[in-house]
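After this come two complexes, each holding chain A, first together with chain B and then together with chain C.
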Partner chain A sequence: MAAIAHPDRNFKYWLILPAVFLLLLVGLFPLIFSLVVSFMRVTMLETDTSFAGLVNYVQLFHDARLWQSLLHTLLIMVIALPIELLLGLAMAYLFLDRMPGRQLLVSLLVLPTIISPIVAGATWRLLFDNRYGPINQIIGWFAGHPVPALWTVNPGLVYPAIIFCEIWQWTPFMFLILLAALSNVDRSLTEAAEIDGARFWRSFRYVVLPAIFPVMSIAILIRGLDLFRIFDIIWALTAGGPGTMTETISVYTYVQGFKQFESSYTAAIAFLVIALLTVIVTWAIRRMGLAK
Partner chain B sequence: MINRRDFGKIGLVAGLAATMGRPAWAASAADTAVKAAQQYKGRTITIVWEAGLQSLDPTHFSGPKWKELTGMDVKVVEVATAEMFTKIMQDYKSGAGAYDALNVIPAWMPDLAQAGALEVLDPYVEKYGYAPELQTIAPTYRDNQMKVGGKIYGFPDDGDVFLMYYRRDLFEDPAVQKAFKEKTGKDLAVPKTWADFDVVGAGLTAILKDKGIYGASFFRQPPYAMYMFEERFRNEGGKFFDADTMKATINSDVGVKVFTDMRNENKFMPPGVEQFGFVENLATFLQGQSAMTISWPPYGRWAEGYGTDQEALNWVPKTTIAGKVGYALPPGGHPELAAGFALSISSTSKNKDAAYLFIQWLNSEDVSRQRVQLPYTLRDPFRDAHYADPGYLALWPNAKDYLAALKQASQTGLLDLSLLQTDKYEEVLRQAISKLWAGDDPKTILDAAAAQWNDITQKIGVDKQKPVYAAWAAESGAYPKT
Partner chain C sequence: MKGAPFHRRKETKLVLRYLMAAFLVVIFVFPIYWLFAISFKTPGEIFAFPPVWYPKSIQFNNYAVLFKDGDAKTVGNSLVLSSVSTFFAMIFGTIAAYSLARFKTGGENLGVWIISQRMMPPVAIAFPIFLFYVWLGWVDTYIGLIILYTAFSLPYVIWMMRGYIEEIPLELEESALIDGCNRWEVLWKVVFPMARSGLFATAVFTFVFSWNDFLFALVLTRTEVTTYTVQVTHYFGGQSNFWSKIAAMSVLGTIPVFITVATLQRYLVRGISMGAVKG
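Our next item is the complex of A and B:
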């Protein structure tokens, strides 16, 4: 009996090799290249591209402006994220029940999220403008006299302005996701809790929250990461000013990379951010139980 | 019959004519460029141009005209000013050669030239006989914005310079003059020093505020105010560095005084002036709400309504002050050249000769005279001939005063700070100014800024930066000559 010719067992690997190669090329290569650059002396203005060892990474620890920018990022994050979550949740509750025009209102509320953040920032800059913007005018009507509040100049007003824009644009995202999550909560459970005498808060704490927690965690994680990378709104509103008062880590990275042309140092900052985010996200995923 | 002696006379006359100017029978630089460029018919030149109004010149005027004359296409890559340096460097570093010709802000030239991104133009200038016409570019631009290390890297192509625009009708109004005299004890006159400016600005605000007119308004956003600081600091005697040690000296008494005065002056300017950019300040002046301002040359044209009927300029507020505007040098008498543009060739271009011919043609006397009069673009007069052009002089009733002020500025203008990695120093200045408007202490701000400048210099290398600064400081327009 003639032996059956077995096909090459490795043939399947050959088939997927081009795809793997392509993925590595577009996914891994830039990362490795950036890592290599972070150990060099590459700038757009110098011809010296020699090996620098850990110089750029050591510089990170002496760069006060970098750590300040990280602090500014965290400040915006710890204020904006809870507000967006709470407002989004409240709005989702509001729209949970059927009401006339619900679809239209939901669509309108979601509109800010589909606007490009840089456009939103530029629009708010106009709205906050002392001369032409309506905000100071409206405040002036209530105050009974002109209010020349310099929202993008005055140190006491720049953060409220930025955080307000951020909340305006991204609360609808929270709202939409939480509305979907709340819609999927089994009504019979909440009704049973009510029959057992549970008031709103107890029902929410012990029935609704556990049900929506996985989705809410994902929403928090996504928004948290977005806030960590916040750039456009700040760039359009204050460009990191006054001075460097509102400079976030993304703004600082952009300035280093594309205004000061410090390519290697920028790569080192990028890897610092990657390291920080990896730690934070891993911790958050474990803490929220999303890995289960 | 012509004998040997006659030949000698003809030679002498021709020689004299060549030294005194272009003889009537000689081809202009524009004609030379066109004739030589016809061999490149069918090719395309890619040129980087500032996005917005500026680029209407090559897209609507010079590009189509060049195509008509030579058969060469011009592809315009519009880039926002803030991104131009990056794009040029990226193209050079990648070796892509995507750009042939470039618009370069002269302050960038040392960096671009040192990096090798710009082609040295001397051989082309010689080959195509452009030297005589280069000499007729107004002195400040010609002497300061063309060369790095003695080599030509760009042709100054835009007469950017700050001028003071003031309300002539108010300054000549006897009632205002009387009220000003009563209030200040001084005669009302266009200020020639910053001390006078403070008196006039505050006085006029006190007198005219009830009519909705402030003594002055300026653009105060840091990118603009940075130029105003650079100008004023030097006019009041400041130096940017100690030339021996390269230690920053912007935190000197002069620097602190200028910063303090700048902030104090906001008090007699319109509320919220700290947020004013180019357009906000323009609107304030054109709507008759300020008696004095300082800005680039288009303010003067638009205040007279020149070109504002063009669709491209429909965003310019309607002027209410046409015929009422006077022009003067800013206090101190040495205005900032404030950016400007030079035409250069990319060292990675694959069409260097053709691209060179295009920029020679653009920059030539004949063509530039037309370009600076285009109502919709922002190129400002920069050649001696532009200031005396009969066509320009006739554009509005007091255009002669405008051109006279520009000509004066072209002789006394101050060069922008131009070092290795200039933008790093300028970024520190911009941040310092934004802190000034935020209310920080001027001395503290400038001490911190000086420390940052020193760090930048240290990082670049004192030995590398020192000769660059020395070369810049030796330029005729670096510091006012006392």
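Our next item is the complex of A and C:
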């Protein structure tokens, strides 16, 4: 024990050096660089490096489009995340008991989660096509007449379209994690088949839920963070449109930086986002005792 | 159902579960089926109204076009970037994880700082990195993206490998030290072999995360190292005649992921849950 715990003085630092160097190189250094830029008036076309004080940060508060994009992000999050969680939990219960072929079924269900989000978005773009896509066709069967819904353009349908795609891709993620968590709970408590409804709910509320809570909260944290930075699916489906209706904070930051070339202002937005996230994540990590 | 014998009820229940399971599988797999189906369809079938539910014959013309135009090269770019960065991330990440697991280097703060790096939204980092890379001349180069993917994979690798390394009994390392191995030899001869399955599983997920990246590739590539995810979006702008290309390119980029994950089923849970559940 003593030999392992007291290494040759610098060995443990040599081990960690390359990783820390790389994280500083592409993590911290660019941040410091852009912190400096955020106090200037640099655009991609003009390199005015004179000190501009807090101009860009003041502008944040007057930028309605920015706060709307934050609102859009939260809207998607508060709808998609609970659905993914509840649907994932229900699916986990469905597959909890042994059944022949379970392994195969579970692997098939998990496929959406491992494909690239941009491919998922592209796939749903094809599915949602108003004329040649199967979704309108299927809806048309039920409606009894052709339905030419413009899912990625119609203001009333773009959010459902994005949220469908998001739920389709990430519910399996929740499902898989919750299935594993439930499998670790004492079987007699989770066997819904054997006990009546009221007792099932009571045991779920007081025994099962506390048991899976640590894992569940990590899954919620991971998904919550992913939803906060949602970009790929939206880029593929609507690119933020119509107008700026589905522009999330990530899409807006991208547009400011790489379409409008507002370098200094984009840097300020990035810092706003980082500040918001740092507060939330630090709180969540302490709260959940993730830091051990 | 009150009077039914117990085993009957159980059977009905099983049938019901299968029905629900089948329904779910259809819902979740159909979009992927549709993507594959389009990639094999002829233009006439893709733009048929009402839609054609399956291609009449399997033809590879949509793929042939990608190879003829050189677009398929972007899958090769993805392959180079993802595998090289995974290789470096695994080496640097595992030795760092060993340091954290065994010597508590930097206390808990360093561990939390490392994991918090992964929680930052890529777009907030992408812009600063872009400015930095312009200055270095690293935009649209292999080295630029490899370094970026390596660094971005490190928190995941360190977090996962720390968990796997903590499961290795300390006695093995001690006896190796007593047998005259030096510290580095302990790493290569004891830790790496003992953590082999963890290394393998972590590497695959690291590879998949880099492989699926879109935002960094969009921002930091132009023409030379375009990845397949960016290439897929290049077909978006034009009118619907690019559908076959969208589908075929997506399938080319998806098959490698399906194959790797299929071979690694037993690590799936732990891999995607960042070790929250020991799979």
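Keep this in mind: the second predicted complex is superposed on the first by the 245 of 292 C-alpha atoms of A that agree within 3 Å, B and C clash if a C-alpha of one lies under 4 Å from a C-alpha of the other, contacts with A are read in each partner's own complex, and residues count from 1 in each chain.
Heads up, the rule we're going with is that a residue touches a chain if its C-beta (ideal position, glycine included) is under 8 Å from a C-beta of that chain, and two chains touch if they have at least 3 such contacts.
What you see is a predicted model; the values in this text were computed from it and never measured.
By the touch criterion defined above, A:Leu15 reaches chain C but does not reach chain B.
When the two complexes are overlaid on their common chain A, residue A:Val26 makes contact with chain C while staying clear of chain B. Applying the stated contact rule after C-alpha superposition, one finds that A:Tyr265 touches neither chain B nor chain C. Applying the stated contact rule after C-alpha superposition, one finds that A:Pro112 touches chain C and leaves chain B untouched.
Legend: residue contacts after superposition of the two complexes on their common chain; A:Pro148 is shown touching chain B, with no touch to chain C. For chain A, the partner that touches more of its residues is C, with chain B and chain C as the two candidates.
Of the two partner chains placed by the overlay, only chain C lies in contact with A:Leu225; chain B stays clear of it.
After overlaying the two complexes on the shared chain, residue contacts for A:Trp170 are found with neither chain B nor chain C.
By the touch criterion stated above, A:Thr244 is placed in contact with chain B alone, chain C being left untouched. Once both structures are placed on chain A, chain A residues 129, 131-132, 258 are touched by chain B and, in the other complex, by chain C. Listing the residues of chain C that touch chain A in their complex gives 10, 13-14, 17-18, 20-21, 24-25, 27-32, 34-35, 38, 46-51, 53, 92-93, 95-96, 98-100, 102-103, 105-106, 108, 110-112, 114-117, 119-132, 147-148, 150-152, 154-155, 158, 170, 173-174, 177-178, 183, 208, 211-215, 219, 229, 232-233, 236, 240, 243, 246-247, 250, 253-254, 257-258, 261-262, 265, 268-269, 272-274, 276-277, 279.
Those residues of chain B that touch chain A in the shared complex are 86, 89-90, 93, 111, 114-116, 222, 270-272, 274-276, 280, 283, 420-421, 423-424, 427, 431-432, 434-435, 437-440.
Residues 1, 3-5, 7-8, 11-13, 15-16, 18-20, 22-23, 25-27, 29-31, 33-34, 37, 91, 94-95, 97, 99, 103, 105, 107-120, 122-127, 129, 131-134, 137, 168, 171-173, 176-177, 179-181, 184, 193, 214-215, 218-219, 222, 225, 228-229, 231-232, 235-236, 249-250, 253-254, 257-258, 263, 266-267, 269-271, 273-274, 277-278, 281-282, 285, 290-292 of chain A are the ones touching chain C in the complex.
Partner chain B is touched in their complex by these residues of chain A: 44-47, 129-132, 146, 148, 150, 152-155, 241-245, 255, 258-261.
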